[in-house]
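Next up: some structures, all given as structure tokens.
Two complexes come next, and they have one chain in common, chain A, joined by chain B in the first and chain C in the second.
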Partner chain A sequence: MSAFWTVLGKELRLEWRTRESVAVMVIFSLAVILLFAFAFNAGSTSIKLFAPGLLWMTYFFSAVLGLLRSFGREREMDAYDLLISSPVDRGDIFLGKALAFALLLALTQVVSLPLFSLFLDFPLATASPMIIPIFLLADVAIAAVGTVVAGIGLRSPHGDTLLPVLLFPLLTPMLIATTRSTSAALADRPASEYDVWLMLLLTYSVVFLLLGTFIFDYISEQ
Partner chain B sequence: MVKFHSIRGNQLFLAATVVVALINLWLIYNVSPMIRDQQMAQKIFYYHVPLAWNAFLAYSVTGIAAIMYLRKGEPRWDRWSLAGAEIGTTFALLILLTGPIWATPIWGKSWSWEPRLTTTLILFLIFMGYFMVREFGGPYERASRYAAVVALLGLADVPLILSAVKWWAPEVQSHPQMEMLQQSALIQQLFLFSLASFTLILVHLIRYRHHAGELEYAHLQKQYGDGDG
Partner chain C sequence: MAVLQLREVAKAFHRRPVLRDISLSLDAGERLLLIGRNGSGKTTLLKIMAGVMRPERGRGDLHGQPLFTSDGAWRKSVAHLGHQAALYPSFSARENLKLVLKLRRLPWNEDRFQELLDLYGLQGRSSDPVGIYSEGMLRRLGLIRLAMTDWQVALLDEPATALDMDGIELLTTAMNLWQAEGRSLLFTSHDIAWGAGMADRWALLSGGVIAAEQSAPDEQSIRTALAAAALPGAD
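And now, the complex of A and B:
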């Protein structure tokens, strides 16, 4: 497990020194939300209805950028080859990278969510505190699937185009569960009304974290 | 290696499959009774359901072969996995085509976000990604490994997709799932015959595709020598 902490620490330290991924994700998601606001006429009441969906679509897109950035770094000076040739369990490498990316996503959301609530006019202050586990679980889910898929893309000649094409269909059930529970939590509904979505989100995250841990060995080989 | 259809056993199997398929066609149009309210439209079920069954079987082959390939690393499993994926996706496409043909007169619209239809569409998209990984994944052996991983991710996703879309739109639940079992014995027998006929087609197609994969691999090995090709 020490390899896990090493990789996690390395990812976070890198991000702290460059601040690339989070900056790109925040700026990009702001730009997308602005486009959505203009495309759907932000003044109308109907945008409130779509807000959770728009929100997560935006985070999906910015996650793709963040993943590309995070794995793009590994290409430089063959960093990735050194990483996977170290004598540690590749499952630990996967978990370290995935959870580090989930944290970066969460950080992006901490910065951008208050702005979105301002622009799209949805209440953040009155939302149920359940919103925090929902977002964290969703970030873990995106990061788990994203890390496997980005790992595939890393060594492929057209990897950067493969990433969204592979990622989005795999994430559909998770998108449904997340938008449903987000909109319920924003309206401060009791958790019992959307516990089925929370369970799905939890199952999804656990399944793909486990699958990624076992499978990462096969995609990191030369 | 020899051509698939120059092997005697395969010729006989193909002949049997064609004969059974023709009988099946004849039975569907001439023997199967009309169902009230649906008339001719109902007959598509003798195709649609076996197509879904075939896609399910073919993807199971892909899943099992993908696991075996990752565990053992033997190339022959990769060819089974590819054969299952290609044939399964073909059948998934046919499901997506025959579903709306039936839905247009019965539901009054061609597409609804019915859970199984939606799941099939998403699975179809995931396997489009699978073929892209095969194409763009780099050297043959690595692309095969990546493809096996994508297949496993996709198939692990299926139950989650299915439950998600089921709960997502509970009002869209008009998929006629149990109707087949409530029909007369004759319809059930004809349906089972059709199922058997389509399964024969599936077996032949997967074995054919697998054989073609072996030929491709042999060709690659001849061209690039031993190893990854």
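And now, the complex of A and C:
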């Protein structure tokens, strides 16, 4: 597991140095928030109905942009070869990259969620505390699936096109579960009313983390 | 005694075979020059041996340890210096090399690093991001990377490219030192005179196979082999 910590540390240090992935994710999220704030009346019934869906679509596309930047860095100077030619379990490389990206996505949300709440009358203050595990699980799921797909794309000349094309259908069930859970948690409904969606979210995160750990060895080589 | 052996290694890109049936061995302390025309698969073969590419077929062993296994343990004995630096441009030389050593579970030795920076003419540049280094400086840093890691077989793809005369001398000295330590080198070079002078043996890669080999290489034999590989039908 030492390689996991090394890769996780490398990813975070690289992001701290360049701030590229988080910057692009935050800027995109803020642009969408402003767009919706002007397009809809805050507090209207329609925005309350659609807000969780809008929120997660925003974070989905933010994640795509962030993943493209994050894996784009691996292409420069063939830096990725430094990782995969090392004598380490490539499952650790996957876990390090995926969890680092989940942290960056969470950081993007920490910055943008208060603005979502402010401009789109998102009832964050009165939401159930379950909203935190929902966001964390969703971030892990997006990062796990995203890292697998971006890892495949890294070895393909059409990788940048492949990422959104493959990622969206793969994440659709998870995005539905997240949207439904978020919607219920924002309304402060008891968790028993949406535990099916939570289970789906949890299963998605665990399955893709395990799958990525096992298949990253095969997808990381050309 | 053979340190590294490859048997029946094959690789194709988009169904076009680049390597058809490569069988090759490398002795302890041997320097083998891999020659071939552009596109003959030299870089592909080195990348496969470095664990960066996966062969479609074939097997090999290094000190009796099987190659191409998923645990990656064999990669600890192999070092690779490719066309590109394989370093993170935003990181400094120190950060990049610390990362390499951490992934190889080797301790960091600041004194050794400083000594190598002085030797390879990169003193005062260790904190600069390597993205602003020139090609020659990146090559020198690659040599420092090899000098700081523990390996048995180094795969050097055009190591003399972009190096100035002083840099080539440093490379030559390093290769002599590594050979004296009993380490093996498999390298490519388009500088035939330099390559012939550095190698104990050459192997010609043509048509996806090792088409010819010769010990005690001389410049003329390499030129003759390359000319024969360029003839129509040689592939």
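Operating definition for what follows: the second predicted complex is superposed on the first by the 214 of 222 C-alpha atoms of A that agree within 3 Å, B and C clash if a C-alpha of one lies under 4 Å from a C-alpha of the other, contacts with A are read in each partner's own complex, and residues count from 1 in each chain.
Everything below uses one rule, namely that contacts are C-beta pairs under 8 Å (C-beta built on N, C-alpha and C of every residue); 3 or more make two chains touch, one makes a residue touch a chain.
Remember, it's a predicted structure, so these values are computed and weren't measured experimentally.
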item: Chain B versus chain C as contact partner of A:73, first or second or both or neither; value: second
item: Touching partner for A:111 - first (chain B), second (chain C), both, neither; value: neither
item: First, second, both or neither for A:221, with chain B first and chain C second; value: both
item: Partner chain(s) touched by A:202 [first = chain B, second = chain C, both, neither]; value: neither
item: First, second, both or neither for A:131, with chain B first and chain C second; value: neither
item: Partner chain(s) touched by A:18 [first = chain B, second = chain C, both, neither]; value: second
item: First (chain B), second (chain C), both or neither touched by A:2; value: second
item: Which superposed partner A:85 touches (first chain B, second chain C, both, neither); value: second
item: Intersection of the chain A residues that touch chain B with those that touch chain C; value: 218, 221-222
item: In the complex, chain A residues that touch chain B; value: 145, 148-149, 152, 155-159, 161-162, 165-166, 169-170, 172-174, 176-177, 180, 196-197, 200, 203-204, 207-208, 211, 215, 218-219, 221-222
item: Complex interface listing, chain A residues touching chain C; value: 2-3, 6, 10, 13-14, 17-18, 73, 76-90, 217-218, 221-222
item: Complex contact set, residues of chain B against chain A; value: 70, 122, 125-126, 128-129, 132-133, 136-138, 142-143, 145-146, 148-150, 152-154, 156-157, 160-161, 163-165, 167-168
item: Partner chain A, residues of chain C touching it in the complex; value: 47, 50-54, 70-76, 78, 80, 82-91, 95-96, 99-100, 102-105, 130-131, 138
